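Notes follow the structure.
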Amino acid sequence: MTAGIIGATGYAGAELVRLLSGHPEIGRLYLASSSRPGQNITDMYPNFLEKAGAESPGGGETPLAAGTLEEPEKVIAASDIVFGALPAGAGEGYAKACVDRGVSYIDLSADFRLDAESYRAWYGKDWLYPELRRRSVYGLPELYREQIRALAASGPVVVGNPGCYPTAITLAAYPVLAGSGPKPAPDAAVIADAVSGVTGAGREPGRAYHFPECSDSVSPYKVGAHRHIPEITRNLSAIAGRPVPVVFTPHLGPYNRGILATVYISLDGAARNAASGPNTANADAARLCYEEFYRNERFVRILPGGLCAATGRVRQSNYCDISVHLDHTGGTLIVISAIDNMVKGAAGQAVQNMNIIAGFDESSGLRAFPALF
Amino acid sequence: MTAGIIGATGYAGAELVRLLSGHPEIGRLYLASSSRPGQNITDMYPNFLEKAGAESPGGGETPLAAGTLEEPEKVIAASDIVFGALPAGAGEGYAKACVDRGVSYIDLSADFRLDAESYRAWYGKDWLYPELRRRSVYGLPELYREQIRALAASGPVVVGNPGCYPTAITLAAYPVLAGSGPKPAPDAAVIADAVSGVTGAGREPGRAYHFPECSDSVSPYKVGAHRHIPEITRNLSAIAGRPVPVVFTPHLGPYNRGILATVYISLDGAARNAASGPNTANADAARLCYEEFYRNERFVRILPGGLCAATGRVRQSNYCDISVHLDHTGGTLIVISAIDNMVKGAAGQAVQNMNIIAGFDESSGLRAFPALF
Amino acid sequence: MTAGIIGATGYAGAELVRLLSGHPEIGRLYLASSSRPGQNITDMYPNFLEKAGAESPGGGETPLAAGTLEEPEKVIAASDIVFGALPAGAGEGYAKACVDRGVSYIDLSADFRLDAESYRAWYGKDWLYPELRRRSVYGLPELYREQIRALAASGPVVVGNPGCYPTAITLAAYPVLAGSGPKPAPDAAVIADAVSGVTGAGREPGRAYHFPECSDSVSPYKVGAHRHIPEITRNLSAIAGRPVPVVFTPHLGPYNRGILATVYISLDGAARNAASGPNTANADAARLCYEEFYRNERFVRILPGGLCAATGRVRQSNYCDISVHLDHTGGTLIVISAIDNMVKGAAGQAVQNMNIIAGFDESSGLRAFPALF
Amino acid sequence: MTAGIIGATGYAGAELVRLLSGHPEIGRLYLASSSRPGQNITDMYPNFLEKAGAESPGGGETPLAAGTLEEPEKVIAASDIVFGALPAGAGEGYAKACVDRGVSYIDLSADFRLDAESYRAWYGKDWLYPELRRRSVYGLPELYREQIRALAASGPVVVGNPGCYPTAITLAAYPVLAGSGPKPAPDAAVIADAVSGVTGAGREPGRAYHFPECSDSVSPYKVGAHRHIPEITRNLSAIAGRPVPVVFTPHLGPYNRGILATVYISLDGAARNAASGPNTANADAARLCYEEFYRNERFVRILPGGLCAATGRVRQSNYCDISVHLDHTGGTLIVISAIDNMVKGAAGQAVQNMNIIAGFDESSGLRAFPALF
């Protein structure tokens, strides 16, 4: 199978190059960049330099081949599936071209994640091809695996690959909002406090991501205004079957990869204990509900009691680690999730979606253990 | 004036050495370590090596002098004021010895922060000298400056120097719980999500603080069970005049200095806006209330609109930076505070307390700007 | 094929677990720890937690299986090849047990790297089984591939897997000392200045590796006394056919993975240019010699002119990147090499040696591109 | 005394703001930026936000005052001494304007460090005002204190404040090249391998300093072509009284502050020991010579035997720490120096020069101990 990547020179695109180069079902990778056609991916990422005559990471001929960046149109014409890793608004035309050609398109931007109204409200843009939406689906497999599969069965699809924060937060809140585990208070808001590594800001240098400015510091940003808010709200409301108020604060942390989301949900009828000491009523019951809920999810690990989710343990992998806790009064459920923002939060999840669409094993190309450091 | 430090070899103790060496009113510093008498502070901290004949950082003779670690009793006997930077339970006897000698004692442990019942519930210990409590006061100057001053006017005092997380969280929630700014929902809990740098774990090596284990990762710890919970609860309840439920999640971040606390408080009667877009109703009104509230506090900076508090901007200083926000629906106040956990969260606040007790300018020895990186 | 790892709980052992779990020829992994039999590798490394029923990273059944740590003897009995990742002196007996059983043993300690005299001088130990040396070989494939292969053809072997610094430094100096490229001055010493990430210090916490002590700082250590000196000296002298004086300074850098070695060799007859400006006589000729020399080495990349080797570009991979330079006067060759100390410097090179011994493609299980961050 | 800073918004300029704000002899600071007149230093560095009515860090009125950035001409007119922290070539006119006004100018660029020929060769520029050179002096106080003092006694001076690498390397090599300690081989080159933190690259964002690109990695740069080479060469040759070949390789390390220089000098007549074991002939004799040589230098600390210089121990201070070693054969002297590149390598040394010129105690405003982390 051949795969194309449009926007291969950004971080998410390059991470796709890395993952797809080791995917056992991908024989050939085509890379596109509208701004740098003719250049080579190794000009930006010498990591990808190959020795002449090197074999493929997956065996056989090298999928990356020459690594030349071509025009998007050429890549679409040559590929059995196409990934778009582009800024908001830049990929819709390519999605249409793919579908018209009968090829599925996995979009890593926000263009296919929201309804028209939210998209306009938060991104200030309108859809160019509303009819394309009949072939599009939101690509969080743990929620919508069957919808993705069903739509793909009937022709080419456009997958709106989820945002990094929405992935971590939705997976953390999903079981309890779906009725598994302790009962949330009526109309409970979901407070989601999250930290992202600096790769989340992308490849373009800027003052906020200049090493001396962001190393050795933690800072929140876009409080009350981050564009992932409507996606999180939509997901949680769909799960709960009611409008769920979402309070979301993203932070930038001094490290590269990973999102840690700490999610707070008030519980129903919880006569909070007087604060007479550390919580001894542990969260075992809630944790077992989470384990049961995600029993068949290959990429969601509910950690044993006593462990807390940490970004360092999912590094370079497609796992979402979740730990389940109660506050010391027993009145608030605290669920903590960790993902690698570049993998489960972007390129890995896109590969997972490709696997579903193409009928491969869902973990194909995604089975490496998390790196230890 | 001479000052003594018992427990000078831990991180908080060494930070006191650094700050007091530059304090214009301190002529001589005495250092004690019960475990290493006879050794020198420079054996552990070569940072403190001085050239022979070097002048004092503050001018005149060097307060640090030889840097020899002596027995605590000798230090108490030689000092006009004594700081204790010891593990919980280890300092009460020294406090008593100081008061008996007519010397004030500033305690950086938890021994003088809580009431007897909370101390027993969270630390599993009882007070040894209950009568000493008549001379003790909780040392968060922004709340209790007058009490500290008044007690010190009548004799030697024992100051329970606040914990790092309680300092950041209490200063963030203080104005709104005290009735300044938007009105909290009745019985509103305070959700405090905080990240600390690794110096907060102290000087003793351990697996969780081994560089390869904690660098490049963020992880929560002691969820629902951190010993700072009762101190935070007590402070906020005292401010609000009602029992305030506190939900607190500490995290470890991959950097050295600083605590960032993100504090959530639901507002009263807030018909949350539908999530139709980014928050345009900005938090200016609430921010102005905070500015007014802290107008005369030398060490609390309310940041201008558009800026978020960040640990990197208070590094090495005694400032607590606060930024005030609303979530996108307008229903939740989000207050973010940043301190240097070793300064305003420990040694700097202790010096601030000394300044109050001794009648010095409160910022004496604490006026350096935050380091830029 | 089944593989066993003795000392699986240290960093090099755990990295072997990660790499061998994804190796296409390994069907089953057995883990041993003499100090923790009965425990599970996931107790130390939750990274390795698998979902029940998860397929192997390499496809088929999971090699890691239960992850239980067993007694070394049981692991030796069950394995077709055994890796030892143990402290100096602890593995010789296991090596003997393996050879006696007809199984090859790849030793990641220093026990099989040196001659008896150097081993005694630098490690203070004697060989227990001198006769075992007839079956042992030094495992730097780029130097000794044929010897490894030939010895393995005649029975089980013990491979002395090279140290991390010696790997980086030997590969940097090899071509020029072997007569490819510019001619070194007669009796030229090799000055090797190198920086290692903190994983090089292993898993045991200690003050020097406590996050607040080593983050945000660079420091040399063991100047003139590092135990890798005799290994480097032996390698370079064997290449040059004369005793090569080695001056080696290791440094600890504030990051996890990677060694960067900067190697200086004075050139013959070099009338050094007056320092009249930046070097315009570039190092192209020397670089082309290096390219030619390593043309068929799968894991050695000579970087294009204009690029400098950097640890960040070999992260998580078995590559050794090399860049070739001249100083501004033209009198000194400066060769810079970068490896991942845990991969090409330890576990990856061990897998490479296994591939040679077992007759697999030498890059089997080692083909992933370097991680981007 | 009033001081002006031209180029106050770059990192060196801002560090000057920090240091001079705490200098006891500076009553008022004027800040200039030709590109941003009318803006405020706190727009770029909110670290410098002051509470209304705050007292000066040094006592009395705040030197920083409003923090408004003014035109350079206005600042020159108002100041008793002026600092220029500008790119190469941008400050010579300001230097002239100062001298014409009778005011000394301390230049942190390379404009006053080199002779005309070297400046042209390495910077591609010519001096605009050659006659200004009669009033200029190279500002490494440990070498040229008397010259600085003497010139200042006769009128306003222009100080060429040394570069960061040249400071670290010159101080490391000075004693042995000056004839104190072991005798270098005739015509011995000085090999200087150094690592700098990312602040050395300045405030402007760029790909190489984008957090994800440079964190967690070490990389050399400008090998054989760094512009500090002629300055180092000039210093060492002046000391040795012969042309000293300098081989210099700068590296970028993943941290903020500090330069570590490892300097290698071959010794005379050194019959190198066979490498029979770790170096037992320690470097005590050489170390004692260094101690004696620098006995009266307030800012140079020769570390006790057993300690290695490390950037983490001079952080935020004006110290240059030096440790003295021999390689294991005894044939090469290895001297390691550590400075904070922003302090002793830039702004701190500039203040030291001001103190000399103005007749203040040389450590005035520079006495704080290094920060512990």
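Chains here go by letter, A, B, C and D, matching the order in which they are written, and residues are numbered from 1 within each.
In the analysis below, a contact is a pair of C-beta atoms (placed from the backbone, for glycine too) under 8 Å apart; a residue touches a chain by one contact, two chains touch by 3 or more.
Quantities reported herein were computed from a predicted structural model and do not represent experimental measurements.
Number of steps on the shortest path from chain B to chain D, with steps defined by chain touch: 1.
Most remote chain with respect to chain C, judged by CA-atom centres, is B. Averaging C-alpha coordinates per chain places the centre of chain A 38 Å away from that of chain B. Here the CA centre of chain B is 46 Å from the CA centre of chain C. Contacts with at least two other chains are made by residues 11, 199, 212, 214-216, 254-257, 313, 373 of chain A. On the chain C side of its complex with chain A, the touching residues are 11, 14-15, 17-18, 21-22, 24, 45-49, 51-52, 54-59, 199, 216, 256-257, 295, 297-298, 301, 303, 307, 313-314, 316, 342, 361, 363, 367-373. Those residues of chain B lying in contact with chain C across their complex are 11, 197-199, 203-207, 209-212, 214-216, 254-256. Considering their complex, residues 117-118, 121-122, 189, 191, 193, 195, 212-221, 223-225, 227, 229-230, 233, 243, 245-249, 251, 253-258, 260, 262, 264, 266, 272, 274-279, 283, 308-313, 315, 323, 325-329, 331-332, 334, 336, 373 of chain B touch chain A.
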